[in-house]
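Alright, structures below, take your time with them.
In the two complexes that follow, chain A is the common piece, with chain B as its partner first and chain C second.
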Partner chain A sequence: MEAANNNLLTVENLKKHFPIKKGLLRRVLGHVKAVDDVSFKIRRGETLGLVGESGCGKSTIGKLILRALKPTAGTIMFRVDDEEVLIHELSDAELRSFRRHAQLIFQDPYASLNPRMTVREIIGEPILVNRDQQTVDLDQRVKELMDLVGLDSRYLKRYPHAFSGGQRQRIGVARALALNPDLIVADEPVSALDVSIQAQILNLLHDIQQDLNLTYLFISHDLSVVEHISDRVAVMYVGKLVELADNDDIFRRPKHPYTEALLAAVPQISERQKRETYTLGGNIADPANPPSGCYFHPRCRYAKEICKTQPVVMEEVSPRHQVACHLARELSLKGL
Partner chain B sequence: MSRIIDILFRAKRKSTGLEEGEKYYVATPRQLMWWKFRKHRLAVVSLYILGFMYLIAIFAEFVSPYNPNERHIRHLYAPRQKVHWVYDGGFHIQPAVFTQRFEIDPVTLRERYYEVPEEASPIRLFARGDRYEMWGLFETDLHLFGVESGGTIFLFGTDRMGRDMLSRIIAGARISLSIGFVGIALSFILGLILGGISGYFGGAADIIIQRLIEVMRAFPAIPLWMGLSAALPMTWSPLKVYFAITVILSLLGWVGVARAIRGKFLALREEDFAVAAYLAGASKWRIIYKHLLPSFMSHIIVVLTLAIPHMIIAETALSYLGLGLRPPITSWGVLLKETQNIQDMAHHPWLLLPVLFIILVILAFNFVGDGLRDAADPYAT
Partner chain C sequence: MSDRSILLEIRNLDVNFFLDEGTVEAVQDVSLDVFQNYTLGIVGESGCGKSVLSQAIMRIVPPPGKITGGEMVYHGGNAHSIDLVKLDEKGKAIRSIRGNEIGLILQEPMAALSPLYTVGDQIQDVLRQHSSMSKPEAKAYIVELLDQVGIPKPDIHVDQYPFELSGGLRQRVVIAMAIACKPKLLIADEPTTALDVTIQAQILRLFQELKETLDISIIFISHDLAVISEIADEIVVMYNGRIVEEGPARKVFSEPLHPYTIGLLKSVPKLGEGSRERLTTIEGTVPDPFMKSEGCAFYPRCSIREEQCTLECPALAEVERGRKAACLPIQSSSR
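On to the complex of A and B.
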């Protein structure tokens, strides 16, 4: 077993419930369980891919870790210089000094850059607002960051409208790196880009991870992207994790019917291996009113009686492979 | 040969194109907006017209040939004096006006003015005339134009008391054009504070302010204005009345501004770039003044520009009804109050000239507002 302190981030029983309010008096009618009892760990230097359909709560997990949202319950522990920081209970003032350790890369490279600021101001902003000790020359640091992400540092004074989507995303990456963070939450960082540009940004993320010993939480709905960049992968369905394993195990030896269904839906160009493709029927469950038992049972083609009544919990069915399925040990599912 | 020219021309165009590109890439938001605004021809023309009108309003005493309150008792209800280039038996570069004489028509017994071409008074630039105090700073008698003493120049005619209409319209411009700005400034301050609180902080404050706005919007505007302005003491000085009227007008005006600002705050607060600043550790105030305010300022300017004509119209309407400004203050509404009966309109149509200026200003503001709206978000695709 690895040493416990190798974990950069430990998330335990994390919950985020959004109240549904109605009427003049704002009465609470119920809760949307966007994230419901999620636990996982991320080791220093690794990339954890987080996949799931849209609306399953994967972005909410990212926001909770960065404390853009306050969790309803659960603990988030972050290791800073051999000390555990409990992110979930930081005060506003403590948060501001913690922010340098974890940063976000946004999905939309257009919305995430203020069009009224120059590249210098955008990349320099985190440095500027965190300048507690006399830091190096701001221009110099911004130029370094631009070099690092493959932008011509002569473009310092340009505004975002001068750049293409891929270049803008590089600016976003540079901004996230400005404070030398340990963890980067990448929330669908390539989904808004052309496929040809996606590879460039993924390679950039991979390279800077090597150079700067970064840890990624990589959120995506695109399995081929996740397969490309992740060391381990967590699969999420309606606010809960359903499977968590090493990259290879998830893609070759899935243990959860939902993972299998996601993999079956991945388009394949080569005809080398004929594999069965099938499309998942039905709609993603309503997180305000989830089904009984296993949330996935109405769409699951292996569902049995037990699935409708008994809630499921994550279990380790083989080393480093956790699954939340009653039938995990019985089924033999197909991977890619 | 033509091919060579073509190639040379294209090469030249290409090189300037590159420079243009770089110029575009480093263009500030304001430059982009100006470039976009310039494409709206009507708006640019309107902007010049407004600039011209405000210039006249600022230099009112100097531009107008007479003191707006001076009565020329020999020239009551005098019609417009025409400008002539042909007089004294020939063409002159320097135009002139002819002396007006007054007679009673022997048949209808109506007073009638006629021009005497033999008595031409050339129009002089920078003529000496009535003494006045410029902006309370210095006294002078220099006017932009005028005629030698002895002659008269009533280019827009005179009113019931023999006061020069052109001078009165110019004096009225100062009041009517400024009341829009003063009123808008008050509306803007109220709207920014209340709309900002409502939009950025939300919660109970938001609910209270929104209900207040709904109540304000449900009020019928004209009766409210009438009631409030009727309540102003008659003994107040004209200046006090002027400010009281602007306050009354902006009392309802802030509502629209507050709504617009709240909406922008709500939308922009959730924008990725604002979240990015927050996650980078930027303070609330830095996010507001560095990210949110610059993003919606242009939209607010549009709202304000389009609100100014409403203010001007409201002042005119109130004054016309005798509930707004009162003489001796001269505003366009006060001038129109003189034309409330059919005789005036039939016999002295020049008294309606202020209407032309009101229409011109309102249209110009609306066109400028349109142009600004198109230019307000230069990043929209």
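On to the complex of A and C.
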């Protein structure tokens, strides 16, 4: 069913280990395994949501895909016009021309826009840097982009401070779209926004995806937002994927105890009585010094002997549903 | 609810910030009651005045902000009532209330903790201000406190520095500090916003437990509707410095009255809804704080606006039993 060339992005066994250095000689004492043996695919036109708590490595994955960081090991394959580009091997010069195909939307619209540049300069910069031949008239193109993201194109010459948080995020989206990318990595794009503005930006992302056939890697800690926007969802814990499945399967039929615990922890607006749920105890494991066996076992209420000793790998337990849990086949977990 | 005794009565409170660019009316004509052993949730978007309101209660509004009107009558222990507005900001009276009778918990635990002192020393500082405990007594009490807020191995953590603790544990330390003097009222301003969801759930549960065991009242401020709905008994929705809706938590979220509350609730994606549909949004943005209008501040974004709304600023009034809204069309239709 899944045509091979339908995958825009194929990530295999991706690793990023940061050395921990100490002392005068900067001796390497160990490694933080920020991303450890992660594999997934994203099909053209779909949205893959990547969820996890702070420090789990989700942003590092985004940076590796855009080659803002160089992977320690593993492959990242990107399909451009029926040609495969191996992102992890690109030289600096090759990267420059590749970057037009994959762009980033940042979390904080206050930190990610240069206050000394006008909107025209901010949105036009990627076009100038890449000497985009298709763009004859820069002003015209910038105006088009502003229209596309719902900004008044009369404000072309204004500086970021003159815009509200939501409008700034629209500027960030327009900049990401400037070179007609295929893939957009959106790293917590609505987390810094107010509730009513968050909805506007989510709608914008939804609309431009339809119009421009964009593919998203949507990184967020907010499960409600991820459920709303994603086709498929990957759940990450301490550098590893623990579950990957279609949206509905993750939220209604979770197969990893961590996913179940995350779902139970999300506060919900309800008229009902307070939910009878359990609260996940303990803290997130230290990626520099992870527990033995399954990294989640010290917090897992189902953990057995095997979980403490045997490492886990991702396995397909039902079609299109991968889980990294020794007990995945025997547990029956509670979704929404 | 009505048989509960009132702990804090706020009437017509105004807080203005006098800036070079003009005056910002951060809190306008706010009246509310805080009952004993009860959680009041205050919800609103950034700039709506919810944090300034909490600063006003603690009398720590930063300059150039000033309380310009109204009263806040605190019915503390010893059967005496004090109007907090009349107290000298730096005086003895407010200092005996601040941190002692009313505790404050902020969003970012590291902002409330000093990196230079151990957890135990910092809590002891608070105790020394307000009680005459001896040092060994205080130490034993602090270990007990840390245990009460769910810090594992409290006898070890008491001698650690904040940087040695995780974000969730730091927030627990701040909570321990806030309840050290057995306050009657706890003000928590976005206490879980900087935390991960699983840790947030732990802290919310802790607040519930503390409310029961310590018999305290909590003013819980958040931008997150879902968090508020899990924790609050009564809810106040703020917009542009004013209360636009007030009522029992369950009612406000199941049958919101004010068009702003309705819009807010529609615009959040709710877990379990699945859907990749577009969300309903509230068009436009919050008003410029320097702009003053005669009528309702929500008028430009409102879905049920009428001509009368531009002429007169609606006051908060009861439209149903126990439920208030500041909206002229709703008030006139309920009459």
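Everything below uses one rule, namely that the second predicted complex is superposed on the first by the 327 of 336 C-alpha atoms of A that agree within 3 Å, B and C clash if a C-alpha of one lies under 4 Å from a C-alpha of the other, contacts with A are read in each partner's own complex, and residues count from 1 in each chain.
By definition in this document, a residue touches a chain if its C-beta (ideal position, glycine included) is under 8 Å from a C-beta of that chain, and two chains touch if they have at least 3 such contacts.
Because the structure is predicted, anything quoted here is derived from the model rather than measured.
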item: Superposed partners chain B and chain C on chain A - clash or fit; value: fit
item: Chain A as apex of chain B and chain C, Cα-centre angle in degrees (nearest 10); value: 70
item: Partner chain(s) touched by A:A265 [first = chain B, second = chain C, both, neither]; value: second
item: First (chain B), second (chain C), both or neither touched by A:E227; value: second
item: Which of chain B and chain C A:K157 touches, first, second, both or neither; value: first
item: Partner chain in contact with A:N114 - chain B first, chain C second, else both or neither; value: first
item: Which partner reaches more residues of chain A (counting touched residues only), chain B or chain C; value: C
item: CA minimum distance (chain B, chain C), superposed complexes, angstrom; value: 8
item: Residues of chain C defined as touching chain A within the complex; value: 45-46, 166-169, 196-202, 204-205, 223-227, 229-230, 250, 253-254, 263-265, 267-276, 278-282, 285-286
item: In the complex with chain C, residue positions of chain A that touch it; value: 53-54, 164-167, 194-200, 202-203, 206-207, 221, 223-225, 227-229, 231, 247-248, 251, 261-271, 274, 277, 279-281, 283-284, 336
item: Parts of chain A lying in touch with chain B, wherever the complex brings them together; value: 66, 68, 96-97, 99-100, 103-104, 106, 108, 111-118, 125-126, 129-130, 155, 157-159, 161-162, 172, 175, 178-179
item: Interface residues, chain B side, partner chain A - complex; value: 24-29, 32, 271-273, 275-283, 286, 290-291, 294-295, 379
